[in-house]
Structure formats: structure tokens, C-alpha cells
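What follows is a set of structures for review.
Shared chain: chain A. Partners: chain B in the first complex, chain C in the second.
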Partner chain A sequence: MGQMSKDMTSSLSTRRLSRLAYGGIWSLPLPLWLAAFFLGPMILLIWLSFWDVKNFLLTPDFQLENWQKMLTAPYFWAAYLRTFVIAISAAALVSLIALPCSLAISFFLSVRARMVMLGLFVVPFFTSYLVRVYSWQIYLTENGIVMKLLAAIGIDSGSLLNTPLALMIGLVTLTLPLVIVIQSISMLSLDKTLIDAAYNLGCGPRRVLFATVLPAVRPGIVLGALFAFIFSFGDFVTATYLGGGKFTTMSILIADTVKSGQQWPRAAVVALMMIATLLITALASIAYAYRRT
Partner chain B sequence: MAKTTLTRRALLKSGAVAAGALAMPSVVRAQSVTEMTMLAWYGQAEPDAVAAFEELHNVKITPKYYVGGEQMLALLAQSPPGTYDLIHADAEYVQQLVLANFVEKLDPSDYHFDDFYPEFHKFPGHWHNDELYAVISRFGFLGISHNLDAVSVNEASSYDMLWDEKNKDKVGHFDWHLPNLGVLSLRDGNAAPYDISGDAWAKLQDTTLSLKPQVRGFYDYGGVLSSLKSGEVTVMPGIGEWITGVLRRDGANVTTTIPEQGGIQFTESFSIGRGSKKADLARKFIQYTSSPEGQFTLANLNVFPAIIPSKVGWERMINEKPEDARHLGMFKGDGNSIDLIRKGRIHIRQLPVQQDLADWNDFWSAYKST
Partner chain C sequence: MRVSALTRRLAVIFMGLALVFLYAPILTNFVFSLNSDRFPTIPLGGFTLEWYRLILADALVIDAFKNTIKIALIVAPIATAMGFAAAYADYRFNFIGKRLVLIFALMPPLIPLVVIGLAMLAYLSRIGLSGTLPAIVVSHIVLTSPFAMAIIRLRFSQIDGDLEFAAQNLGASNWRAFWEVIIPATKTSILAAFLLCMAVSFDEYAVTWFVGGLEETSSVRILSFLQSAVSPRINAIGSITFITSITLILGAQILVLRRLTRGNS
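Right after this comes the complex of A and B.
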């Protein structure tokens, strides 16, 4: 009897161990990936920000000059503020445009039409973003299609390229499909009985939307806006090709810093400030999205 | 009837023989062709530039293209000696190549200097302590490039026109501080545009900042081409025929004018990389680029056309490509490119002398950000 109990205990612990090992093997890629592609590069980037450049060559060192130089440069803070304002404006604009689209997809379309619409929003990702931005140049330039259409109805607006509007068009092109998909997934997973209950309790359509649907899908809306902010904050292509490099953003500043003088350490400072901003924004957004009301 | 059996060993053996036979021509070819490496601006090792030399010497030139002299210096600093047999550089960076010991000394008698205009026999920047380190391959002038439908040659004869109301929001910049600040320094009246005092530097910054309301955008090479061609911008300071020559091939009505205040000269050259194991072949390549045939080829590169220092090369350009030669300033008589140099209207592009390069760069970032 005692021997049998011992055997059973041993068999149980062997099974537990093998289950642990099985779970461990499946979990392993995540920490490995994070260590190789996030933690490692991040440590390298922080270390690099203290290096020196001598005769255009990176030289290991530990000096604070790069941080001091960049954080006291007015053009750095001008670029930082501009990038932040552009990114937050793009996130707000895209969220506003995406909201009615997502509501329509989630609540008014048949299942078949919904799948077709969501599929169509994924199609832009099949083409390179750079190609899409170049195409916008053709539309927005002096003799472009948009200008010709406007001229036909008597509006002479000149070229739209290198304007804040062109910048916003590029960023909406980049982020809108993703935000619509995120918002739609969030709305589709909403418990529809909540909406029925609101109607049964006498709420009108507007109250159902503002008091029931939007609060319930807040995480989806906030996460969509967060992704739009992240992509817009780090974008280089739109600022360069639709903004004409006229609106120096943090990404353009990184390119400029490296291009002249091979100042990789100073570019690392700019990159670290961007990462810190994105981390703080992401944590604050997530906290707000999942906050209990 | 004899029975034929194919054993696994026999199959493997015949397969190996067949693979060897098939691979033989490429092995033989690979053994006979010498490979030579070149660190260069884009276009210098494309077939239109090197095919004739490659065929003549049974050599394959493998390029590593860079963007900007500083990237070139960084690439050299990170590579062991001998990595690059040929180095193609702008004149302002040759002195730095010499000081960093990245290039070999050259023997002037090896090259066709007698064919060159006297101005290029001892080109400043290519010599150090009376020793030659680089041979000029071609050069060009930077002034005001403009769309002739919007801005005439006469209008472009002064940098002051950049501030005209007519050009508001129509001025473009090639996104590199050195040529832009160089021509604006000339507009400020600095006789040596890169060797300026603290006061002149402060004034140059004010001049540049005052131009910002006129500026449409800051462009890379592709952006410069498309914005000038589409009419997005009509005038660009600090660029030259290296852009407008390419656009004209495409039918654009553009040209480059050197204003009365003067223009900037960029200069390309070839050097032999320190520790090159193919120094003899590299020397032959530089001999080729300085020969009449090589010079004619270099004047007409697909990447962009440029002026050549060879008198013999000029003759051939005038005879065979008179229109291109005229636009490049390679014609006989007053106002040709050598005449402009002799009249003192052209200043060689160089790194700032009295300020740190980083100061100019920081100011450019601040200017863009304004």
C-alpha cells in the first residue's frame, strides 16, 4: 500500500515536471525574442549615447556631452514638440474618422459584407507604404489630380505638397486601416445584450452609443489611437516626402544627425527620448483604457 | 542483351562529374577575371562608366556606394587597409583621407596632366606636402538652378532673387548645408565663402534664416529632381548642372546660372586605397579616367553630366555633344567654365575653416526646424 502511494506520488511529480517543461519550452521564444531584439539593442543604444565620435569614427567612452548637447539645443525641443503635436493630432483625427466606419462595420453590415469590408481595409498593407506616399505626391503636387479638380470648380489652392494637410493625409493613409480593424474587433466582441438592455430600459440611439457602446469599447478606441500615435510619432517617410522635410520631426532629426558628422551617439539620444515618450504614452493610455469606472 | 545496373555510387560519381563539367566555364571565368573594389558616390562604377575599362583589362569593378564624404570616411575607418582599391572622393575630403593615412601617394607622371587645363595640374586639396594623392576626374559648378518657364537667366544672375515675392514658397533646398551655406556666403559678399570670421558667420546665419519664408522644402537627390521637374519649386540655390543636366535629358526646361556674386565648385577625384593589393590595376584605372577616352566617358555619365578638366576631352565634347557641352560651360570663348574660374567667380567647396563643421551642421538643423 505504502509502495503504491509512493509510486503514485512519484508518477504525479514526473507528470507535473513534464508539464512544466512543456510549458517552459512553449514560453521560451518570448523571453528569447525580447532579450535579443529589445533588451539587447536597448542596452546597446543607451551605451552608445555616451560614446564619442573622433574623426568620424565611433569611439567607446562614457561622457555626458551628447545628452547635454541635444537636451539644451532649441532645435531638438522644437522638433520634439512638433512631432508630439503632429502625432497626437493624427491619432485624434484618425480615431474620429475610424469611429463611424467601425460602428457601421460592426453593427449595420451583414456578416458577409463585414468580412469584405475588413478585408478591403487590409488590402493597403499589400503595397509598400513608401509607394503609397509617392502616389500621394502625384495627387497633391502643383499639376496633380487634386489641384486640377479644384481648379475645375474654380478653387486655386496652389500645391498641397509640403503642407500640414499633406502631412496629415500621409499619416491617415498609414494608420487608418489599422485603427479601423482594432476598433472593429473591439466592437464586434461587445456583448450585444448590453445594447438590447439599454434599449429595453428606454434609451434612445444616441444614449445607447454614448452611455453603453463607447464606454464598453473604450479599450479598442484607446488602443487604436495609441497605435496611430506610435506610428505617426516615429514616421520618417511622410514627413520627408509629403512634408518636404520642412517639418523637422524626431525621425528627420535622427537622419540629419547621422548624415552630417556621423553623430550616432547624438542620434541615440534622440532615439532614446522617442522611446521614453512612447513608453510613457503607451503605459498611460493602457491605464486609461482599462481603468475601472 | 546486357543488363545495365546503375549503382548508387556510380550515380553519385557521374553526377559529380556532370556538375563539375557544368560548373567549369564559370570557374574558369571566375579565375581569369580580377576583381577590384571601389568606394564611390553612386554611378561611378556603373557599366556606362567602367565597362570599357573592365573589358580592356579583364577586370570586374565592385562598388560600395556611399552618400556623403563623412560616411565615406566612417566606412574607411571601419575597414581594414586594402578593403578598397579605388577611392572616389570630393576634394574637400581628400585632405582628411591623407591625414588619416587612407590613401597611397601617386606619381604625377603616371597620369595625363598635360592634357588638362593648367588650373588642374596642381589642384589644391589633392596635394599634401608637395605629394600627389588624388587625380581630378571631373567637376561642376553650383549656383542657382531654375525652371526657365518661371525664372530667366537674367533674373537668376543674382542670389538676391531668392527673396523676390515672385519666388515665395518656390525656393527649394538640396538638404546639405555645405553647398547652400556656401552660395549664401557668396551672396553676403564673403570673398572666401568657407573661410569666414565669427561676425560673417553670424551674418550668414541671419541671411539664411531670412530666406526660410520663401522655402518650399528640403529634398534629397530624388526629391530635388522631382520637385524641379514638376514645378513644385522653380529655383534652387547650391545645386548645378549635376541636377539640371539630368532633368534636361528628360525634356525639362531647366538650367543652372552662376550669379554675379559667384558660384561654388565641387570636384571629384580618384585615389588608390592604402594597402591595396591591386594598386597597379587601380593606377591603370586612374590613367584611364584621365585619358581623353575616359574623360569623354566621365563627362557623360548616366548618373549626371559634369565638366572635365581635359582640353582634349573638351574638343571631343564640343564636336560630338555640342548642346551638352554648351550647358556645361565647355565651349570656346568668354564665359566658359575655365573663364569663370580665371575671373575668380568660382570658389572651391570646402569644409568650414574658422568654425567647426558641427556648428554649420547644427545651424542647418536649426534652420530646417525654424
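Right after this comes the complex of A and C.
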């Protein structure tokens, strides 16, 4: 009897052990990899911002000089403000452009056409943004396609490159697919009876849109704008190749600092300020998106 | 929504224009890669394959393409396997802090690439990896596995959670139930994730540029060309990268959509 119960408990514990091993095999690899090669680098980035550069050599240290230098430099705050304004304008513009598209996809198309359209919008998102920016250079440059087309109808435009318009064209190219997908998902999950109820209560189409549909899909609209902001805020290709170096953004500050010398600690300060800004913006937007009215 | 036919039509036309806007830079790239004029504008010059001939004779470009393929073929299986493991763990097990782990695993694509690039560069040079192909592989796995996890998790959300347990009640072991129930049900989404990871790895330039040092992928090569001057050679490389990533993404989409529509019926 005693022997039997001992056997049972030991077989029970081996079974528990094997179940634990089975669970571990699946749940651990990705978190471990990300801890080693994502969290690790991010933590080092924080430490790096306190390091010293002596005789062109990075030296682990704990000093506040990098933070002091950067946070009192006017060019840092100019870049910060510029990046923020560019990203927020892009987020607003892209959301406005995406809205009619998402409405069309969600409400005015058949199921089949809807799937095809969403698929078509997603494809460019995963194609080389670098090459697409180069194409926009070709369109917008001196004597480029757009200038010649405008000249043909009698408008003398000059080069459109290195203007705020060029920046916005680039950032819309970058983020529009993502925003349309996010907005459409939230519109498609909208309870259709809500719309019918509004009609039955005598609302006109405009009132249904502005008083029923848009408030109900607010989370999708806010999250879409948030994603557009995040991607525009972090991008360095647009400002470099469509802004022609006239618009120094935070990302350009980092890239230039790293590629031209040893001042990695100062670049780390810029990077951490970017992450802090994105984190605060994300939390604020999510709180606003899901706020009860 | 009950709106007038005019409103519907206007919205659909607007959507069409947005699509034209997104595809215009892709289409012109193909056109100018075959155009004989050195300066890309209208009216077009004659037809030529000269730019393709030039890049295929360029050792830097060829090496970059070889690196790109090598990296993508190592990154995609590892990232897909880890993304699958995480998605399956989320579907199958409950543990404390699961939500937190999930959110953490979805973070990498949301951090600015330049920031990840800097952090990775500092970290990988500490452990003596920066400037090597493994450095690029390691960072690409971080950047692509969240996509793999998301796309496979989407498939798991349609699978009846009791199916695997039913198989176990019929006497199948954990692993047997896994091979006979889970793998057949998720294999298309695994393939889709694989293609998506390849596409993302293929097009990544920022982090690669930071950690790769002198090792170049085709995207980094494009970046170097862009830094020097306008040249139709960029269009030629661009066409090759567009064709590759569009093929991969369409493949992934067809796999996912076929599953979705079949799942609905």
C-alpha cells in the first residue's frame, strides 16, 4: 500500500515535471531572446547615456555631463520641437486622408472587394520605403515629373523637394497603409445595430456619421493617429532625402552623431528623450482612446 | 450605412486615389529602371536594360544581395519558430504576467529604428559582434519575430481550444497531440509568417546600417547609392527588391486570407 502511493506520487511529479518542461519549451525562447537582444541593449542604452568619452574612447562612468550638454543645447530643443511638429502634423494629415478610405472599405464595399482592397493597401507597407522615397525625389525634384506636369497646365512651381510638402508626402506614403488598416478594423467591429438605431431615431446620414459612427470608432482613429505619430517621429529617411538636410530631426541627430564619431553617449541621451516622448504620447493617447464619455 | 449613391461613389473614388498615390512611386521605379535617360523625368527616353547590366556587374551589389539572401534564410526560420512558440504558449498556457510578456514581445517594431540601431550597436560591440553578419541576424530576429507571433496568434484565435485536450483524452501524449492537431491546423499561417519575416528582413536598412559595419545588405547598398547621387541604378536594384517583397507579401496574404475565408464558412 505504502509502496503504491509512493509510486503514484513519483509518477505524478514526473508528469508534472514533463508538463512544466513542455510549457517551458514553448513559452521561454522568444522572451529569453528578446531579454538578451532587445531589453539588454535598451538597458545598456540608459547606462550609456552616463558614460564618458576620453581620448576618443568610450569609458563606462556615471556622470551627468551628457544630459547637461544635450538638454541645454538650443539645437537639441530645435530638433525636438521640429520632430514633434512634423510627426503630429503627419499624424493629423494621414488620419484625415485615411478616414474616407476606411469608411469606403468598411461600409461601401462587398466582403470580397473589401478583402482585396485591404490586401492592396497592406502590400506597400512591406516594400522598401527607401526606394519609394527615392521615387518621390524623382517626382518632386527640379525638372522632375510633377514640375513638368504643372508647367504643362501653366503653373510654375519650382522644385518641390526640401519643402514641408515633400516631408508630408513621404510620411503619408510611410504610414497611410497602417492607419487605414487600424481604422478599418475598428469600423468593421462596430455594432451595426447602433447605426440602424440611429436611423430609426430619425438621424440623417451626416448625423449618423458624426454622432454615431465616429464616436464609436474613436479608439481606432486615435490608435491609428498614434501609430502614424510613432513612425513619423522615429523616421530618418524622409527628412534626410525629401527634406534635403534642411529639417534636422532627432533621428538625424542620432545617425549623424553615431556615424561621424564617438559621441555615442550624447546620441543615447537623444534616443532616450525620443523613447520618453513616445511612451508619454502612447499612454496619453490610449487613455484618451478608451476614456468613457 | 444608408448614404446617397453619390457619397458612396465619392468615398470609393477617394480610396482609389489613395491607392494610386501609394503605388505611384513603385510603378515609376519600374519605368525608370528601363529608361535610357540618365536623368529620370518625362518625356521618357528609349528602352534599355543597361542599368540592370551595370548593377549585375557591380561586385558590391552582388555581395550585398548574397548577404541579404543568406541573412533572410537564417532569420526567417528562427524568427518564425520563436514567434510560433510564443503564440502557441499564449494559446495553450496560462501563467502570471502573460499579458506583460505579450506586450513586451510586440514592442520592437514600435521603437524608432535609429534608437534600436544605436542600442544594438553599443550592445553588440560590447560582446564583440558588431560589424559582422551574425550581428545583423541577431537584430533582424528581434525585429521580425513579433510579426511572426502576431500572424500565427491570429490563426490560433480561430482554433477550438479543446481540440488538443480531446486528442489527449483519447490517449495522445502532449507531443503526439501537438503534431497531429496543432501543426496541421497552423501550417499555412507558419508559412505565411515565414514569408513575412523574409520580407521584413529583406527591406530592413536602418538597424542593419548601424550594426553591420562594412557588411552590406541590398537595402544598405541602396542607402549608400542614395547618399552619393541620383542614378537609374537605384531604380534597377529597387525593381528587384520590389518584386521580391511584393511576391513574399502577396504569398503571405493569400495564405492568410484563404484560411480566414475557409474558417468563416
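The rule is simple: the second predicted complex is superposed on the first by the 251 of 293 C-alpha atoms of A that agree within 3 Å, B and C clash if a C-alpha of one lies under 4 Å from a C-alpha of the other, contacts with A are read in each partner's own complex, and residues count from 1 in each chain.
To be clear about the criterion, a residue touches a chain if its C-beta (ideal position, glycine included) is under 8 Å from a C-beta of that chain, and two chains touch if they have at least 3 such contacts.
Please read these numbers as outputs of a predicted model, since none were measured by experiment.
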First (chain B), second (chain C), both or neither touched by A:Y22: second
Partner chain(s) touched by A:N143 [first = chain B, second = chain C, both, neither]: both
Which of chain B and chain C A:A197 touches, first, second, both or neither: neither
First, second, both or neither for A:Y241, with chain B first and chain C second: both
Chain B versus chain C as contact partner of A:A276, first or second or both or neither: neither
Partner chain(s) touched by A:V123 [first = chain B, second = chain C, both, neither]: second
Touched partner set for A:P41, first chain B, second chain C, both or neither: second
Greater chain A contact set [chain C / chain B]: C
Which superposed partner A:L161 touches (first chain B, second chain C, both, neither): first
Overlap of chain C and chain B interfaces on chain A (superposed complexes): 137, 141, 143, 241
Complex contacts: residues of chain A adjacent to chain B: 55-57, 73-75, 78-79, 82, 137, 141-143, 158-159, 161-162, 240-241, 243-246, 248, 252-253, 256-257, 259-263
In the complex with chain A, residue positions of chain C that touch it: 1-4, 7-8, 10-12, 14-15, 18-19, 21-26, 28-29, 32, 39-42, 81-83, 85-86, 88-89, 92-93, 95, 101, 104-105, 107-108, 110-124, 126, 138-139, 141-142, 145, 149, 174-175, 196, 199-200, 203, 205-206, 210, 219, 222-223, 226, 230, 234-235, 237-238, 241-242, 245-246, 248-250, 253, 257, 261
Interface residues, chain B side, partner chain A - complex: 67-68, 70-71, 73-74, 77-78, 96, 100, 169, 175-177, 215-220, 223, 226-227, 230-232, 357-358, 361-362, 364-366, 368-370
Footprint of chain C on chain A - complex, ascending: 18-19, 22-23, 25-27, 29-31, 33-34, 37-42, 44-45, 48, 97-98, 100-101, 103-105, 107-109, 115, 117, 119-124, 126-139, 141, 143-145, 148-149, 172-173, 176-177, 180, 195, 199, 205, 208-209, 213, 230, 233-237, 241, 251, 254-255, 258, 264, 267-268, 271, 274-275, 278
